[in-house]
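Questions regarding the structure given below will be posed in turn.
Think of it as A, B and C in the order they're written, each chain with its own count starting at 1.
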Amino acid sequence: MMGTFLLYRTLQAFVTLAVVSIIIFLGVFALGNPVYVLVDPSAPADVVEQTIRRLGLDRPIYEQYGIFVTNALSGDLGTSYTHAQPSLALIASRFTATFELVLASLVIAVALGLPLGLIAGYGKNNWVGRTLSSVSILGISVPIFWLGLLMIIVFSLELKWLPTGGRGETVALFGVETSLLTLDGLSHLVLPAMALSLFPLALIIRLTRAGVREHSQMDYVRFARAMGIRPAKLLFAYVLRNVLIPIVTMIGLIFGTLIAFAVVTETVFAWPGIGKLLIDSIKVSDRPVIIAYLLFVVVMFLVINLIVDVINAALDPRIRLSGTS
Amino acid sequence: MLKEFTRSIYAGVSLAVLSSAIVFALLAPWIAPQDPYDLAQLFILDSRLPPMSRNSDGFLFLLGTDDQGRDVFSAILYGLRISLGVAFLSTAIAFLLGTAIGLISAYLGGRVDAFLMRIVDMQLSFPAVLIALMLVALVGTGIDKVIIAIIAVQWARYARTVRGSALVEREREYIEAVECLAFSRSRIMFVHILPNCMAPLSILATVEIASAISIEATLSFLGVGLPITQPSLGLLIANGYPFMLSGNYWLSIYPGLVLIALMVAVNIIGDRMRELINPRSEK
Amino acid sequence: MTAHSKSNTASRVLRVQSLSTHFDLGFAMVRAVDDVDFEVERGEILGLVGESGSGKTVAGLSILGLVEPPGEIIHGSVFFEGRDLTRMPDNEIRQIRGNRISMIFQDPLTTLSPTMRIGKQMQNVIAAHHRIARRDARVRCRDALGKLGISSPEERLNAYPHELSGGMRQRVCIAMAMLNEPDLIIADEPTTALDVTTQAQILQEIKLLRERTGAAFIWITHDLAVVSELADRLVVMYSGQIVEEGTAAEVLSAPKHPYTHGLLQSVPAHNRDLVRLPQIPGFAPTPVDRIAGCKFGPRCKYAQPKCQERPGLQGAVSGRLARCFFPLDETGDPAEDMR
């Protein structure tokens, strides 16, 4: 059962990837001058000429797409003009910083959002619930970048508690540079992670509150109460377990969204992740990096969606039966 | 209708904020104290003055000046014009495009419907900012590209909404009655079903204006949106950013406050419309 | 106040005394349960009968303090072992629930948590009240399922609710309610959502369980056919009030209240020879309606001027009561003085 389900979802993911790769291919190769995807525009004419032939750009477009895919599958997405290294390797080396940032803000959002949502949903009409709707309007209305600026002004420039930007000191852990293990690194992480966590925080509070409210009224909760189940057990083992299913889904999806949102946060706080890399690359038209970023993020997204589906199926026994629903 | 709407004080205030923003934007060239992009009016001596300063001529800079001696208040009025212009234009086009596609999808049904909705689902599974960034990364920056990006982000939501409502409406009895009169299906779709989809569409359009403002501001802030010659609110914030570290907060803060006021107002209006049109929905 | 002198304290499980549960809806106060008295004897099955909206479900929930806001018990007591459940602290009444007094609900499809295995849910019910090794608890759960005629109970313990049929799930719920061998089980229309065959099987199992365990039941239902098969005594509710009370045989064969009479007339089994089933004219008052006199007055074909006043619950024989100034006699006609 689980096998067919997984297979179906994986196939779906591949179809999406194929479609997106065609869009990217058409976007870059059909709209721009494809030669300059792989060759620095300032290169001499004979080099350009040579590359056109080497890449087969004189061949029909579907053949070119085949070449693009073949190269992409072997990990070759071109070489960055500005950084003079393979674009995919460049993305990979920057990704840890982005991953750290996204992870930190998710942790903040979940650690604050779940309890707040629970209080707001379980307690009847308390202050959390009352302030929530106005805060959530602010949450979706305040642009992340402006909030980031405000945080820099308050916490860095005025209070001088935290640095204004950059990643700070990192240490290598299993060959990966991380700032989670140094005090300096953590102090650099706090502000961007907080700024990035606003959106998922608001979302998680909202979802948790709505879920707890809905489920508290359900028959199975009333029955469990009538059976004398302790209130704490009722909340955590019964209500929360059922409420968590859509939230786990959402957290997974938020993870992908945050990678996209990180573009803004990284720019504001000069955080050296893939988002900042993308913006810098767009500004100088470093196409191999742009392509690598887009494909990388799309693949990330599809993988995340797949993982979320699997976790969901594990949490909710009903999905396993309905399979592809 | 308006009376009912303004029964909520927040909604009333929001409506006032939005309408005055529109009026200010439309009248910017006449009410702005200075034409911020007429270089002849700028003096470098006036640069980076804090709010409420006067220059030697006694000219009052309500919200201070930027590094070129430009009046921030005037720049905001002009920026509002650009931000709102881009948002309304792109929302309008996305509305028309998405509605048309959604109606066609519901009208034709079958494979076309399945195919179109597959695209919609696929697109909506990616965050809007990512798609917008993807597009400007592929086609480049500029005001037309930003508008295209916003349309590309938004059309799918209109399409899904209108298709959903159209399919529900089609099942209603009065449509059956109209069908008995042997009107053509396209006539039924556009003349009878479309008007009945307007309620959810108008709520969506309101919220999407806020989202359009936000996407444009974000792209412009990142430097991949509007060109420097067309400074929207987002771009003004970005331009003020480097001077913030030296304490000239007003360059970024005031355009930001206007932007937020605008977005909060539009979102509250959207919420209120949802409340009025669909009273059972919870916030 | 009604006095059931024939029942002494030793044989009595529960005494509900002038219980009133109201719902404050802001624009109106709904008296869902309005000054209700009844008792439950040890080991008896008491049928609590009424149409939907008569207050029977709220009465059941009120006993265990399970009424949710805006509903509130505003008056009265529920005595269980000499203690008033309505004044009990939360943690103490929790220890009664599912342990000494259990409850079963109407829709078996929604009363079990969808994401927890049956066995786990059952063990939680034991663990909420007793310190007991997990393995022993599991054995008890398995036996409880077996007693309700569930085949291969061991496997069922590992099943999720959606893997079982509705009838099977209701059996699980009943087994859960019986796990801690309670003295009283409040069953709120537990068979209404099931098909007729399953319903009959479950009723049979309930009878067996009652004989084996000696547990008392309050069987809440609108279905007279069900209570006629099952109940020892009946309490009939109309618009939040008890209108008639007596042994099942008495009430079913010779109803004293015109409402009960009407209800019985509309059950097919009670008048096979009639072509068309008679209905009670009009509609039950909505809980918001305020009726000055007898609440059934506006629908009663025997209504008299006196019915503009409020009748009390009264009767010549103890335990045989009707809320009517002119109770019907054995032949189903109004009493002598009214003809």
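The working rule: contacts are C-beta pairs under 8 Å (C-beta built on N, C-alpha and C of every residue); 3 or more make two chains touch, one makes a residue touch a chain.
All values derive from a computational prediction rather than experimental measurement.
Chain pairs A-C and A-B differ in how many C-beta pairs they share in contact, with the greater number at A-B. Here A is the chain whose Cα centre lies closest to the centre of all protein Cα atoms. A centroid comparison over C-alpha atoms places C as the chain most distant from chain B.
Averaging C-alpha coordinates per chain places the centre of chain B 58 Å away from that of chain C.
Per-chain Cα centroids separate chain A from chain C by 54 Å.
Taking each chain's centre as the average of its CA atoms, chain A and chain B sit 24 Å apart. Note for the complex: chain B touches chain A at residues 122, 125-127, 129-130, 133-139, 141, 210, 214, 217-218, 221-224, 234, 237, 241, 244-245, 247, 249, 252-253, 256, 259-260, 263-264, 267-268, 271, 282-283.
Across the complex, chain C meets chain A through its residues 64, 66, 68-69, 90, 94-99, 102-103, 105, 107, 110-116, 121, 124-125, 128-129, 160, 162-163, 173, 176-177.
By the touch rule above, chain A contacts chain B in their complex via residues 16, 19, 24, 27-28, 31, 133, 137-138, 140-146, 149-150, 152-153, 157, 164, 210, 256-257, 260-261, 263-264, 267-268, 278-279, 281-283, 290, 293-294, 297-298, 301, 305.
Contact residues of chain A toward chain C in the complex are 124, 217-220, 222-231, 233, 237-238, 241-242, 245, 315-318, 321.
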